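Everything below concerns the one structure shown next.
Chain naming follows the written order as A, B, C and D, and within any one chain the residues start at number 1.
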Amino acid sequence: MADLALLGICGSLRRGSYNRMLMLEAARAFGGRFEEGDIRFPLFDEDLEKAEGIPAPVERLAAAIRAADAVILVTPEYNQSFSSPMKNAIDWLSRVKGNPWLRKPVAILSAADGRAGGARAQYALRLAVNKFRMRLLTGPEVMVAHCAREFDADGRLTGESYRRALAELMDELRREASRTD
Amino acid sequence: MADLALLGICGSLRRGSYNRMLMLEAARAFGGRFEEGDIRFPLFDEDLEKAEGIPAPVERLAAAIRAADAVILVTPEYNQSFSSPMKNAIDWLSRVKGNPWLRKPVAILSAADGRAGGARAQYALRLAVNKFRMRLLTGPEVMVAHCAREFDADGRLTGESYRRALAELMDELRREASRTD
Amino acid sequence: MADLALLGICGSLRRGSYNRMLMLEAARAFGGRFEEGDIRFPLFDEDLEKAEGIPAPVERLAAAIRAADAVILVTPEYNQSFSSPMKNAIDWLSRVKGNPWLRKPVAILSAADGRAGGARAQYALRLAVNKFRMRLLTGPEVMVAHCAREFDADGRLTGESYRRALAELMDELRREASRTD
Amino acid sequence: MADLALLGICGSLRRGSYNRMLMLEAARAFGGRFEEGDIRFPLFDEDLEKAEGIPAPVERLAAAIRAADAVILVTPEYNQSFSSPMKNAIDWLSRVKGNPWLRKPVAILSAADGRAGGARAQYALRLAVNKFRMRLLTGPEVMVAHCAREFDADGRLTGESYRRALAELMDELRREASRTD
């Protein structure tokens, strides 16, 4: 199997984000090359788009999506939905020419403080990207609950059942990324 | 009945937004005083919050919500969900001290290009604000479809059935804002 | 305050259902009179409706909703949504003359095996009843997770924080049911 | 390409259902062999399951899903969600041994009276089947609005853009059903 390229988009801008730790664990489980996409975009504004065009970092992320063999969307739960930086990225990306997501294998993951691990965030995100006609994996779910206790000092995910689910999800993603028809 | 204060939050930053036209029509139907809340916030970032505190415009909007007798959330549909500026506002507002939304009468409205008028945007928004324990009206739904054809040159909503639904929704909102128990 | 009448609808047909236990705890916390609605209806079928009319038990439940001061919908989570008997009841009820739910104070509760306590079931149910224009409470959420461990041999809910949330939700419901404007 | 077997599940029990017409149009567009699954099951009840086991028609449908190369779920919109017979089928199917849906290519379609064509029903259904780990297509969306005007006397879907979307969705489904890795 060729060396596959994975792109990760982390919905939290916080440097020490648990979702970023989860993203990096997912990248290790996936294998291949990994790159994190930058979503520090201006707040979505059609007047801005009209005046100045699509911001350069948005175009860069769109190109990175096109170039990747697979993408992971890793989101915290803010107010029982996915994060505003993630929504902002999705909205800007929907403005570029063409659809960078078309047939792209994509998996959703989440880490959250509460006991549900971002279940509602994942559901809201699933619906908000549905129109792009990705190959959006349905499972297994990786939703890390009480996330502050689930990563060690090196940012490694410690729980066995989480690690197994993550490995299985990344296996599925590699399988989609490797398919030939 | 006292002169009630209505706060409007428009999910589109575009100056000529149809959602802003709809918001202003709603304000006329509501009667009383009206103010539009400003949601031109930085993109939500906990590191920024830690370094500089909650941005002043967020605190101002929180104060405006507290002071209002009722609030309307008027959102376009971006990618079959509500807009990123609206999500960003909700996420920042959830960080202020106290809960400005508690028991606040709130109505959701939408205007969109497509034939469904923002039905999915409204549903996603309804769930994303549920935890704030507003008094969130359930209807009637005001979802203006194919919105570019539904406002005249003066920004007035022209369709009779939309106007009736809007008037009824604002009546309900005034009723909630006026209740004494 | 008058003796208020509460109607409970339990989404599980299982006699020993934890959701029924939760419903009965809610009834105790609400105070006043309590009645459980029967939802053992035929599977929804418009041909059946055309041939035989709306089934008598559906009409009875509609009348019970009209007569009640408030209603609680208590649902298990089946496949990350609310239960089929509950959906079936909602669909049949939407066929009776008039809208028995109009302005009715309604609260949603859930008990489930998993760690999230039915969070997704509650969200799906919230959207599926939104059009009836109830006064649908937004919180506090009562979602009993790992429910088999949370009720004692007498069917009493044991956890303190659950009991507090339940009491608060029922206080809110009584407040809505008692309002005079 | 081999002659593929498609299974259709129609969420309406009504004999003259527009959703059944849509299902049959989808079957024609898919090509290959077609079978409609029967979902006239008893209302889901764990006590019944304990006493009598899983009903024979549920086991038959599970076997039909296993045997099919692809499945279409075609649902009306009842109360802004998918139909109760469909939910009942999903709930019963989740009780059989093994998971008949695993990796199965599945597409969702809808026909509805309103202007949105079942957009909210599709979204609710998408979430309610997510856990089965199907290969659930994300698009293109086939949502037939004002459905009573969209089928002719022979039950054929007349609108060109609907027919194109349907053909494209069925092409995608065949592609998934034919993949070899």
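Keep this in mind: a residue touches a chain if its C-beta (ideal position, glycine included) is under 8 Å from a C-beta of that chain, and two chains touch if they have at least 3 such contacts.
Everything numeric in this text was worked out from a predicted model, so none of it was measured.
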| item | value |
| --- | --- |
| Comparison of A-B and B-C (more C-beta pairs in contact) | A-B |
| Chain of greatest Cα-centre distance to subunit D | B |
| Mean-CA-position distance for subunit D and subunit B (Å) | 36 |
| Interchain centroid distance [CA atoms averaged], subunit A/subunit B, Å | 29 |
| Multi-chain contact sites of subunit B, meaning residues that touch two or more partners | 120, 123, 127, 130-132 |
| Residues on subunit B engaged by subunit D in the complex (per definition of touch) | 115-117, 119-120, 123, 145 |
| Subunit B - residues contacting subunit A, complex | 12-15, 40-48, 78-81, 83-85, 87-88, 90-91, 94, 120, 124, 127-132 |
| Subunit B contact footprint on subunit C (complex, rising order) | 123, 126-127, 130-136, 138-141, 175, 178-181 |
